[in-house]
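Next come two complexes built around subunit A: one with subunit B, the other with subunit C.
Right after this comes the complex of A and B.
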């Protein structure tokens, strides 16, 4: 009975965040618009590179239609996987709300996982699924992209979900810095830039020097954006998908354990007056 | 105006003392700007590095353009950063009351109260990038070109401020215009791309609708192609005057709608 009761408690956080996305759908739409603009600009930039560069038809294993869909997909996935965990921890610490959170008989870390899942579900319905469908139609019928298969689309869903859990675990870990400094704006900006760049949200990782690609393969970052997008586009072999899923699961466990240990140390520094 | 000029150093001094009392925090903010721009440059390298050049734009020329865009952006950041607070929270939470009760221009008080020296991170990174890549570009450096670039950067500060003021002041109508401002402001990041080759429609938007291309991209293109840079400077001046005037107009109209109770 206990696991059911626990799931019920955390599902209320999921439900609240899911519904919040619908309540603020105008704001979510504007953020998506920003993401899409970035994708369009990247698409235009790549168009310039393909057309006015050295005339190559393929760059780093991507034809232009593939590059276009990659940029659209990574922009939409980046928005759908938005995870405000670190930001919320910073706000809780700054406002002193963390004190109240500590009095509740539930895990602070689990609460953030539940909220991130609700947020993800809402964002996928409001913006993710419609925009991914639209982007795929544009790339397939407008630019003649081939290779999109239904089983890859289905496999991309759990890959995206694992990406979300990873992003949440990274956010929870770095959110602990809020217990040490008030300058979380700078920390969060750097974190966001690093995660976006190293996860392949800004450019495909195949553009990186081969040594860097190999090193990144041992980190959790490619599993956040690059893996789900490449699975969706049919650019991964079954072996790569299996390794990708195993790597994601490994890092989810490691980062959550590290986050829990760090949190245990951090709460000793809590000052509940706010600041 | 004279009163404001006399008061300004006091505001700056107060803001500096306040921010320097949290040295580590300030350093983290500067570092975050520097890291963001370094990643931006690395992205351009990864994209453009796949081909020898995109038309007239080599990687070195685009890096120089990237550095140049940071200079007016960083200066605007230092002096007018609190317009973001106006857009996101100040109107919604009814936080403008103190500025309306003092015998000094409320807009001046609102922007002068914070001197964001973290913006110097962008400024320094921009100057360093330009210093590294400018000598590597195939540009004929003339006195006219150098002065033209400085004038465009100077005018660019006011274009940035004008655009921020216009969209931040929309908060008086929509209560929180931060996301709208953020979307428009982010167009400045596209001015570091080779706009000439990204389609006429997009180039026109960047020159005439959200004119970041006018004072950031166009002067650099003029330097590379040898075109007259002063046309860019002239149109940048027109854009700066028009946008700041429009921003002030919207701010004044919006202030009449302000409610202390917030929303």
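Right after this comes the complex of A and C.
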């Protein structure tokens, strides 16, 4: 019964963060706008590459409709998978709220996992599902994209979820830096660019040299964006999917264990004086 | 029961140089100052007891509360709350379930959510059964008069409302012990009075053990039976409210207004019976005496005043706790031998005990000493 009780406790945080995504109308509108703008700009950029390239019909294995949907999907998934874990830890430490969090008889790391899930759920409802549906309709009916199958769409859901858990684990680890320095803006920006680039959110990873692609295959990054998007688009073989899921699970465990160990050391730096 | 045994908490702070060059040097320097935030504090608090924990800014009050509530780990010494230590992983959860904490300058509420959602969240965190939760929340809403804003987002609450909401959040799981760190800070007189009366009611209803830190002595007088004074990380006094009031003697301040100016010669005989020389106002029409009621009868002294001086009016006040505490903060404790104080304090070291000792980083091998950034 203990796992059920534990799940019940942490589900409160999931619910709270799920509700928080709907707290402000302006915020929802800006997410939609952000995702849409990124998708449109990437679409136009790749349209120019295809048009003014030397007549190539595919680049790094992507036709233009595929590239268009890839860029739309990665932009939307980037918004839906936005995981503020590192940012929240930095804020908690800076504002001294970390103290209040530590007075609760639950795990701070667990809280963040639960909160990230709630945030993901809310964002998927608000922007993920509508925008992905719209992007797919545009790519399929506007540009003649083929190869989208219902089972791939279903498989993309757990892949996205694993991507979220990975992003949360990475965020939790890097968030610990906030215990050491207040200059977190630079750290968080660097982390964001780094993860986006290596996860295939900016360009498909198939554009990278093959050696780099192989090396990246051993890291957690492709599982964050590239894997779920490629599964959705039917660009992965069952073997690649199985390997991708196994790699994701492996890294989720490793990063969370490392995060927990680092956190144990970090809390010793909570040395706030007075009020 | 809360037991503190020689608790110490030291921090290492890097020595920062002045100016651009100094800051650059800091990047490569291994010099630290050792700050003794809490330096060997020991006391016991029994179940149901209400204790005021006071001291000047930086005395170590909040640090002690943070150690007791599991936020910080002591450098040395032990804290037991019902036999369990809040900073030991396997004992921590049990301790945290049995305490409630309110920091006046921090909130545990979720700012963007309605208050009820935060309470729902805490219900989950503390695993409170539904019936118990509904009953207790109802009681707290009633007691703290939270009905008008129970569904409002926390961000929109006034400070007084937010503080009441925080107190309810800390009490929701019916903790055996409540730590209140400056709960009335920034509140207006009326809100403060209501909050104090609510805390009183909560204590009466649930027999909650209370440890209160505040700079408002009136809060301590209204809520606590006992007071612990901390200075430079050390305990200066631990005793009853009456004990601290009378620690420098059972003083009466007598202000006499006369119908014509008087000189110091005219109060000479009275002056010999006072601990400190009387203060005569500039116009010579008012004189203040401080008399120790433990050494002489106040009525005898007043008779002498009436016969010696051309009295127009007399005002007598007892030394209030605020005055005593101010003296302690300024001068430490130096009780006269015949004082009936039950304090445990002694002479302060003269120097600042929370002094910052410079070290080169190698000097402190103790891994428990925390570094600040």
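Methods note: the second predicted complex is superposed on the first by the 271 of 275 C-alpha atoms of A that agree within 3 Å, B and C clash if a C-alpha of one lies under 4 Å from a C-alpha of the other, contacts with A are read in each partner's own complex, and residues count from 1 in each chain.
Please note the rule applied: contacts are C-beta pairs under 8 Å (C-beta built on N, C-alpha and C of every residue); 3 or more make two chains touch, one makes a residue touch a chain.
Note that the structure is a prediction, hence the values are computed from the model and not measured.
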First (subunit B), second (subunit C), both or neither: which does A:265 touch? neither
Check the residue A:181 against both partner chains and state whether it touches subunit B (first), subunit C (second), both, or neither. both
For A:13, is the partner it touches subunit B (first), subunit C (second), both, or none of the two (neither)? second
Which partner does A:59 contact after superposing on A: first (subunit B), second (subunit C), both, neither? first
Would you sort A:34 into first (subunit B), second (subunit C), both or neither based on which partner it touches? first
For subunit A, which residues belong to both interfaces, subunit B and subunit C? 181-182
Residues of subunit A touching subunit B in their complex? 27, 30-31, 33-34, 37-38, 41, 44-49, 51-54, 56, 59-60, 181-183, 185-187, 189-190, 193-194, 197, 202-203, 207-208
Given the complex, residues on subunit A that touch subunit C span 5, 8-13, 15-16, 19-20, 23-24, 95-97, 99-100, 102-106, 179-182, 268-275
Subunit B to subunit A touching residues, read off their complex: 22, 24-26, 28-33, 35-36, 39, 42-43, 46-48, 50-55, 118, 179-180, 182-183, 186-187, 190, 193-194, 197-199, 202
Note: in the complex, subunit C contacts subunit A through residues 11, 35, 37, 57-58, 62-63, 66, 69-73, 92-94, 96-97, 99, 101, 103-108, 110, 112-113, 117-118, 120-121, 123-127, 153, 181-182, 185, 370-373
